[in-house]
């Protein structure tokens, strides 16, 4: 499987992570490391702070619906050392998936996690403002899920116009 | 038919009277200020009427004294408006109201 | 015998001035009251013109119609809870009575009194002259002390207003 | 206003003159000062990522045009790179050069637009925008000449590019590249030394380098904050390492720096195009690939330095002829992560200028 | 906030037919009066002796004689009317229609001129479809605006929402009164002309506030508050700048000021550069034009105070905006560029043509500014007014006051003293502006390093620090 | 009469040149502080010197004119300065022999002091400020001298006080300097207050401030003697304060805390002689007053001279010696005025200015070399500092009145006048002359002879100047040499009658005495006293060279008393201030205030409060309630007027 030109292999990442965050690593391939979902925030924190791994930027965050589970993929980037790290957290629960939020480590996760929640329905616990983004509150279902169209009420044709609730608080 | 001094004085008095009514009857400090300005205006009209009918242009020793007084009244009015409105804003900020019925700082 | 133009102008302007002043009293909305007030002031300025006071009329428009209402409007906008409301206070009855009594009595006195030469004079009897020069001479000559005092007053008012509404210093 | 006033909510957009499309900001204001801001997007959401799962790999290329419709070429390129990486397709040399040329032309066009609208947001009444459009127009002419479309080019293909440019293309691009430096100097004269623009842009929307990295900012936003990060250097694709160019980096991280960085990038792009034209090899412009490409199961994440920064495509294959999962890492959206940081506490005009300096494309935000 | 959704439709036919007929009659009368004026002028009955419009002369005199005759023959109702006021009324009517027609016509042309000019500046063509060179475009626009439905937002203050377009139109027209179009050719040549103009133009503020407040729209209110803040700030330097003109020429009457420039063969622009700059800049603020158009900054608050206006109400605002700009150009030409005089050439060329040319030049400057410059921020503008323009114009006023008293006392004939003043004032202007700007912290050389840093290597935070960019978030 | 009549503008220039330099330096300093204007310190010195040089030249011209006019007033009309209702206050300059001489003295001494200061103050952080103050002081002094009206004189009198306060406290970071400045200011205030009373008294009686008019009125007998007594006593009090006469002399020795050039300028030639000048200026009034006033003047002067001379004998600080010497010599002048020796007093003032300035500057020079003013640490300096030594000795000789130096002639004239007037005063004068020579040469022998005793102990790390005293820089030595010339020659004026004419020209004709003769016995007495003083000093301090303690032991309790300044400072500070004022008067006032005034006030307050308690029920605090009442009152008033007609109003 072709990897990015400057991607660290999963094994190379797994060793220091396992040392720092015990029982976090589930699997390591030469492309990515798979992390226990509950520990994902700790792992990211470690990767961010570690001087060698230096994953200062959350380059990309997305989720893949594997029919029975969700893979949440984190592409991390070290700018100074110019390498990329791919971390995956596989959430086994398919109806109400949730895992800790990365927003405490990366501000860049704010919108990306909202997007994943909006379209995939993966809850990120600890996200300060986890609301629908492209779709409105009350939209039935999460359209990027593979089973979206199998549920009858998810068929296109909007039942109601968006009801706007402001999440903005006046200070 | 002609317009005489008394006409102007009457108009001035009416404006002044309305000013009194507003100044006394309004709850809002800014409205009260409007009343005061109206009163000043009535006085101005009276001044100018006297100046005009009293031969302002002929008076050798003090030409246009009435006009000069009106200038001063205008000045005072501007100053008063600035300070009074500043006070209104301040009172609002401190007490959340400019309702004169609720402002009784001068009590006792 | 004045020219008809002056007579018409006088009655018209007087009606507007007094009428809109009454309107200030009656208006329920404070912003409307300000607008009516300006109308009254402008009409008064017109009356000034009939009294050959061109300079004063212009100054009246400038100050009373241009500056003071703007201040009032600002004050109204800065005190939102006061609600643009032009309600009456407890003193509405004495206020109206007193105002009416005052106007009536002074009007009676004005009409009844012997004004001598001034009472006999008419507007037609005198020519319309330019007043700005004479007012300037008077202000900087005979009334120079008062002029200076007035300027000090303005300065004091300026400073006072600024000091009053200044933000409290952050600790 | 300094007095105790009540905060009120102001809606900017979705059809506001300075929101660059159907983008909406709900702003809580105290007088002219912004207390809180929330972006409301989705008006242009077309569910591209879902649709892509039903189409073949090649059929998906037009979606990438319509995501960032101001930089269609870059979108094409990123997606093609991702699929090529997934399927292991080799690209001919000439195709790489052509890709570079068109990607850089697209960058110039997009940056011209960005700078023009930025200055427009700062209040210059359309004149600079019109000037910038002049160059963009010529570039779009070149696109039309080559692939028949101006905006949604659909030009790149998996394994190369769709067409070889026609003969009249070469003199046209030569003259454009020759003239561009003068034009850029013209803008610089009009805008860079403009005191008003300086007053409006300096110190507005400042983002520190730490925040920029942590907030996943990319492209001119990141570089404007002083971080010298450019994928063309860091992870050279399409043979960018063959070309000599430099990365412009801002000094303060404010809106004005981003403007300057974009202006300088136009200069650098001109340099790259010139080099690419000089070294353009002959040969095929495309590798033949099967019509229904079926890559082995797996995943690939490829990214290019688009005009708005890192434009990434994450493609997962389950061995079928359509991607199992297709995700666009949209710089326009992610660059807004720090919108609140930039806007809260600023005055409304400053926020507008800061937003203008982000250079968003709503098609890419919503997808 | 879309007016379409929020708005309330008015009845389809808002104007009764009778009113429309009356309007048509007025319009016809309007045209007739203009034709009459033209006839009198072209006919040469005035014999080159054009006086104050108030004494429009022969035509009016004939009218009065006729009235007197009637009065003598059959006394009656005309007894009451038979005074000289009727000539005033007639001439006032004539002058007002004259101004309206001139300004109105000019506005129609201006719309085309401005759009055309801006188009040229923006490498566009500008309007070129309706009529030759797009000349009929403004008329088409006007027709479109008149036909458009007038919407009123829900929750708007009905009375106050309807008044401002008319209220704001009045000062714009009245302000044109004192402008002299030639020797003794002013409609309302008041003695306190400049004060009159300042007073009249200050009325605009309230109308704008009414428009903004009554719209029940945050953009409109924001725009109105901005306008008011800016207008009351910029009225001060503007007035002070005009005062220096008054001081030097010794009169507030516009015609006298022009005559002063004519007799001394000098433009006040040469004598009072700083005053002219202050006036012009402050006027752009008062006019809400670039670079000071924050009141209707379209990229921030859509259209400011007239966001919610549509149809001809918007058209009136638009017309007033242009008319005021034209008026500022006219006042600049009158006060600073010699008005209708042109160093003796006014003997051969009609004064109003000279003035027109000067107005055009000044107006072009406004258009040019609009086509070129970005916009300031409100606080920057306020700072500029209070910290820069007002102190400078006060200092300038001081200098001019000294010069004026010198000039009044030792009247040196000819160019000597005025030349000296010009030199002193230019020097003072340059030095004051330079030094004050530096006092305000303006350091052009500080901004010398503006270009971004160029680098070959990539990196993150460490690289950023290595590149030596200043600490982020600090002002250089 | 070399140059012709001096124009009035030039006379004003004498005054305005230093004023201008003050303003310029101040403006420069402000500009430097606020705007970063490049105002170099050196410019302050140059400006001051230039301004005073201009003044000096103008003063010379004025003097020249004055000589040509035989000392009569040159007759410049005063200018109307303030015109309030019936009050017309005029300002003018008066140039006659007296003021011309004074102007020349002030400007010349000041000029030299400024030049000297350039070197002396070099490197001081307050360099420019110093020169601003100096300019101010000189301007004030010149204004005082040239004033034609008493008000003008008083204003500048106070300005001089202010400037001296600033200068004495120039090193205000030193507590002693600050205290000295305060002391000088407050002590002279007592006299100034009496002076002000006198000015107001005379203005109330005559309605004019013009000095000349007042003098003429006094001579013409237009003023009652009680008024004159009050007036002259007030003036005398002012003079006593400013000229440091007994009992207000206590501020002057402390005032030596200021920079030495300041001492030279203020305490030798200018400020302290202002009192003498004042009495001389108003001399006709004094003459017109009852004779007891002049007797009082004479005895105050004589007593001060004697007292200060004795004090000068026990000082170890060289500047204090000179300070007491100054008090003593000014006492001499006052004595001279009291014995009708108008010319002699001014003559002595004239000569004294030069040699005392010379001595002060010399002491400054010594200090520059040794960094101390303590004579016990000096000694043997004569070989190190020849110029200073020679000039200092010349000054001392002149001060002691040794023939033919300047001091001899002026002192001789005073003694002669005293001889003619009152023999007791003559004896006092001779004793003082003896004492003068004694303490001056004691100082010289202690300072310049014998072995060098080390100066100030060098501080660690400092360059060790003190072990190698050296001659002062030229800018300091040059004024010394210049001043030495008049210190020698100024007395020769006495040989002709021009000087007398010149000075007496300012007096009305009936008061002029003409040139005094020389009485052999007087000359002999003064010479013998001086030489005896020198001899005793030489005998005691040169050959025996005792320690101070030994001398003190020999003399019993006397030195103790003297060293404590006859307990006068104690008297002033403790008895008067602390006991009488604080404990006595203030206590009484306090009790009165507390039990009488407060009781009344509190009573009124209580009554008001009780009344208010009753009335407040009527007031709810609503503005409109009050306003309503207000308008009800107006309406009632209008109704009354309207109904009753105008009679009510007019009646």
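Note that the chains are named A, B, C, D, E and F in the order they appear, and that numbering of residues resets to 1 at the start of each chain.
Keep in mind that, in the parts below, a contact is a pair of C-beta atoms (placed from the backbone, for glycine too) under 8 Å apart; a residue touches a chain by one contact, two chains touch by 3 or more.
Everything numeric in this text was worked out from a predicted model, so none of it was measured.
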{"item": "Those chains which touch chain F and also touch chain A", "value": "none"}
{"item": "Farthest chain relative to chain D (centres taken as mean CA coordinates)", "value": "F"}
{"item": "Which two chains share the largest set of C-beta contact pairs", "value": "B-C"}
{"item": "Whole-Å separation of chain centres (CA-atom averages), chain D against chain E", "value": "43"}
{"item": "Whole-Å separation of chain centres (CA-atom averages), chain C against chain E", "value": "28"}
{"item": "Intercentroid distance (Cα basis), chain F paired with chain E, Å", "value": "69"}
{"item": "Separation of chain B from chain D, taking each centre as the mean of its C-alpha atoms, in whole Å", "value": "64"}
{"item": "Residue numbers of chain E (touch at least two other chains)", "value": "225, 458-461, 463"}
{"item": "Residues of chain B touching at least two other chains", "value": "20, 23-25, 89, 92, 100-101"}
{"item": "Junction residues of chain F - those touching two or more other chains", "value": "622, 624, 628, 631"}
{"item": "Contact footprint of chain D on chain E as seen in their complex", "value": "1, 118, 121-124, 218-219, 222, 225-226, 290-291, 293-294, 297-302, 370-380, 447, 449-461, 463-465, 467, 469-470, 472-476"}
{"item": "Chain F-facing residues of chain C, complex", "value": "89-91, 94-95, 98, 101-102, 105-106, 108-109, 112"}
{"item": "Contact set on chain B toward chain F in their complex", "value": "20, 23-25, 32, 100-101, 103-108"}
{"item": "Footprint of chain A on chain D - complex, ascending", "value": "7, 9, 26, 28, 35-38, 41-42, 45, 47, 49-50, 85-86, 88, 211, 213-217, 227, 229, 234-235, 296, 298-303, 310, 312, 314, 316, 324-325, 327, 329, 333-334, 336-338, 366"}
{"item": "Residues of chain A that touch chain D when the two form their complex", "value": "1-2, 4-6, 56-60, 62, 64-65, 73, 75, 79, 82, 86, 106-112, 115, 119, 133-136, 143-144, 148, 166-171"}
